[in-house]
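Below: one structure in structure tokens.
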Amino acid sequence: MSIQFLDTTLKNTTVLASGILGNNKDILERVYNNGCALVTMKSIGPEPRDGHNNPTVIDLGHGIINAVGLPTPGYTNMEKEWKDLETRDFPLSASIYGGSVEEYARVAEFVSKQKPDMIEVNISCPNSEKHGMTFGVHAKSAHEVVSAVKKVTNVPLIAKLTPQALNIAEIAKACEDAGADAICAINTVGPGMVIDIESGMPVLDFKKGGLSGPMIKPVAIRCVYDIYKAVKIPIIGLGGISTGEDAIEMIMAGATLTGIGSAVKTRGINVFGLVTKEMTRWLDRHNSTIDSIRGAAH
Amino acid sequence: MSIQFLDTTLKNTTVLASGILGNNKDILERVYNNGCALVTMKSIGPEPRDGHNNPTVIDLGHGIINAVGLPTPGYTNMEKEWKDLETRDFPLSASIYGGSVEEYARVAEFVSKQKPDMIEVNISCPNSEKHGMTFGVHAKSAHEVVSAVKKVTNVPLIAKLTPQALNIAEIAKACEDAGADAICAINTVGPGMVIDIESGMPVLDFKKGGLSGPMIKPVAIRCVYDIYKAVKIPIIGLGGISTGEDAIEMIMAGATLTGIGSAVKTRGINVFGLVTKEMTRWLDRHNSTIDSIRGAAH
Amino acid sequence: MLKVAGKQEENPEFATLFFNSSLIFKPGQFIMLWIPEVDEKPYTLSSVSDKKFGITIEAKGIFSKKAISLKKDDLVGIRGPFGNGFTLPKPGDSIAIVAGGCGLAPLAPLLDRINHDRVSITCIHGARSKDYLLFKDRFKFERYFCTDDGSLGHKGFVTDLLKEKIADGNTFNKVYTCGPEIMMHKVFEICEKHNIHCQVSLERYMRCGFGLCGACVCGKEVVCKDGPVFGSEKLRDMEDFNKTALLKSGKEVALDDYFAWRHP
Amino acid sequence: MLKVAGKQEENPEFATLFFNSSLIFKPGQFIMLWIPEVDEKPYTLSSVSDKKFGITIEAKGIFSKKAISLKKDDLVGIRGPFGNGFTLPKPGDSIAIVAGGCGLAPLAPLLDRINHDRVSITCIHGARSKDYLLFKDRFKFERYFCTDDGSLGHKGFVTDLLKEKIADGNTFNKVYTCGPEIMMHKVFEICEKHNIHCQVSLERYMRCGFGLCGACVCGKEVVCKDGPVFGSEKLRDMEDFNKTALLKSGKEVALDDYFAWRHP
């Protein structure tokens, strides 16, 4: 079920979500070899950053809470990674973030020289006080960031949005107007907090963290549904997908591609191959194609 | 573990959430007799309203999605209910909503004459295009509604908030400044959407619905934590509580009372008694009291 | 979602829809039937076998008319089973079944489950006219019919027949009844007079089906969860039985107004 | 959260913490230990019985120093067990255990599980000096010690002893090793030369512990999930073994820089 997305031909609809398994060529290649059509790198920022202390990632049974805190070597500090990735033979999306419009542009300009197939602009991370999400909750700032990035690169741009926005469709439209070539929705939900009652302490060192996995799927589906109505550019639907059926649901909401993050924990790296197989089986049984079911819920 | 809340003495910390089991004296009394300390009525609006068609309430396993759609007989249209409730011997909170500041005030004025022990102002319902939530996502409108209601009643006021607000602490502060005597957090999360992939249809007739139950607990805990930092008035913590341990966690986040909604499905009407028993057992085992653990996570 | 696996048209206004799926259920329990883009309503299971179950629907308003016009392979949503179900009779019991119209639907699987050698059964079934008597050929044992127009059996009410059977010296220790609420109330009164334990299956507007939303509340009972079957002990305290019900808005009204509201 | 049920001070810098809780685990698996307001780090299980388990910690930086200073009844968080664990030897196998310092911790429960009558075991254990040799009295069988200062056993490296044993004509078919990565790499090289299957237990900075966040990635292997134990087949392809590791920021650096960064 090969599919055209922006300027790239993908072998199926599955996408590795940003922040899952990191940035190194070998592991990303393994993800690709396990059935993933498009791998997204861990978000890359302007300065080296360690992220938060542990605990940073906790399994809640029906999902994950995390406050990894945008660790990054910093975009200029990844010679080895970039060099390794030069020789890759799989489609790559580089996720970036910044603390200001200028930083986003600076990171994007540098990163686009490394020739990723696309750049994902993360304006939606809840796990840092200064970075990311603030830009994604207002149409004006979202527009500014995407415009600034668009000016400095020809690489196709994906804007990654947060469900915390009051009107995510409006944000998506602002990104489209600013030149985004696609939307990715959603980043983690919340934030949430889990308190360990024996110690009386929040279990995350950063106290709050973003929610992901099965429990956020209804929010992700609703967001993609709303965005599909508002924009013409394609959508990477992401949030709570673990099975082929979940991916079909996401496509019916309006997604073109289907991102997978937390399910790498529950089903292993092979989840991409499994989901694709389940989708194919479902489509065959229903005499359908990806194209015929996209947006079916509208 | 009797507890003082606003002007009322409550037998424990459990509260029936609004919209659960309705408005009729007999059933509310049964909830009270099953261990609930304070029962909240289904939100009452300005005009008779049927709410949405079915399906309106769906179990998702790790929680509930609902778009009941604020059905209400209308505040002037409940003679029998009000009359029955006059002779009650249990603490009652009347939840109200409106489509405008004026409507909130009008409903509140009438309802306060029915002498509930408190009035909960629902500025947070996601299941109607016109009502409720719009007021709860901006500090200014939240302030307006609560101020207007405060002017027309002497009954203690609770402002019920939505986690969809970008900064729920700011909204809580605005409500406190406007004269709210307590905060209730949170209403349902999202909204979300669930699509039935066989038919390609959203399973709720209203398409979108609010999420509740275990999956929203981390969001509720975070909200109560944020609000506790921002206001001095007490908080009814609500969202995902099913067990005594959940309630303890909510109190550690800063809640004075602990509301219960969706768990009425999973554990039955007796959930209030069960939760209280579990709390007592936990407190005894830890040589603690409700007062000593409140806000412990801060 | 399930496909309609088959349909049995019982008469122009009644049909049974079958689904290929196994349900663990007790007679008297119900499911919520969702017809996409129409509505979702409760229906009691009228037949259940290993891999198949059925619901029997009487065409009344928009939804039920749509339901009986469903065709094989049409997709519908099924949630459930919900509710408590009937308390089954014990060996040695002598019971009466009193069904009005479509009210035989929830009672039919009860009849299927009972060991007829060990329980003595008197089955009374009434309808408008002959054609509206459900499952005429489903059961092997004798049934007592009555019709409003006298087209079959006794001309008159099922309650007449019940009284007659009691007067004839039948000593029932349990009566199961389902049908219009006024009929069930009459049956309950007869049972009270003769000290017979009675179980009725109530009908109220429902949303969640699992005891959360309060749409179906009747007095202090939650019909979808504590019911829909209620026995004499609860019925005695249930002031709203045969009196009031909640509209979709939550407003409590007299039962007549409740049914009037439901007119299309 | 679990209470520290007991502590055994192995020497001034090593301690074993015990917890009363049953874990289903394989030797070589690890847990994440959370000390509230400090940090959360991985530790392999060093002893497991029915209702109790233990982890053995070497005081290195802030966290591990805090950990060995915990007292009975202190509360800590435990997540896990995580990881793959060692592949146990089969009856008839002849194995060598090569442990450096605290590296005996993951190997100890392996020694507990092995049927010593059916598996021939040569256990080599090295440390800075005599006092740093872990579990000196825990095992009944003979062990070969070596110390940097010669205070007990051979003065020199565990790899010297391994080579010696092989030269002496011992034919091992499996070698299990844990200790500094450079030591494990040497052991692996010796094994390769002699065609012996080798299993090493790697250590990388970890966050989730369950194969999601990528903090612990080593080449194409996810150490917390595919490891921490890796056998010869994988080690041969693992270019980053004894070469590079990821810092907390995700930056890939030479192993020396990795350990230097970790200085308090």
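Letters A, B, C and D mark the chains as written, and numbering starts fresh at 1 in each.
As a convention for this text, a residue touches a chain if its C-beta (ideal position, glycine included) is under 8 Å from a C-beta of that chain, and two chains touch if they have at least 3 such contacts.
What you see is a predicted model; the values in this text were computed from it and never measured.
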item	value
Neighbouring chains common to chain A and chain C, by label	B
Remotest chain, chain A as reference, centres from CA atoms	C
Centre-of-Cα separation between chain C and chain B, whole angstrom	36
Between chain B and chain D, centroid-to-centroid distance (C-alpha), Å	52
Chain centre separation (chain A, chain B; CA means) in Å	34
Two or more partner chains touched - positions in chain B	201
For chain D, residues that touch 2 or more chains besides their own	none
Pairwise touch network: line, ring, star, complete, or other	line
All chain pairs that touch each other	A-B, A-D, B-C
In the complex with chain C, residue positions of chain B that touch it	19-24, 26-27, 29-30, 42, 48-51, 53-59, 64, 66, 68, 71-74, 77-78, 80-81, 196, 198-199, 201, 203, 205, 261-262, 264-265, 268-269
Touching residues on chain B, where the partner in the complex is chain A	60-63, 65, 137, 164, 166, 189-195, 197, 200-202, 207-208, 211, 214-215, 217-219, 221-222, 225, 245, 248-249, 252-253, 282, 293, 296-297
Residues of chain D that touch chain A when the two form their complex	1, 32, 34, 36-37, 39-41, 75, 77, 79, 206-215, 217, 219-222, 246-252
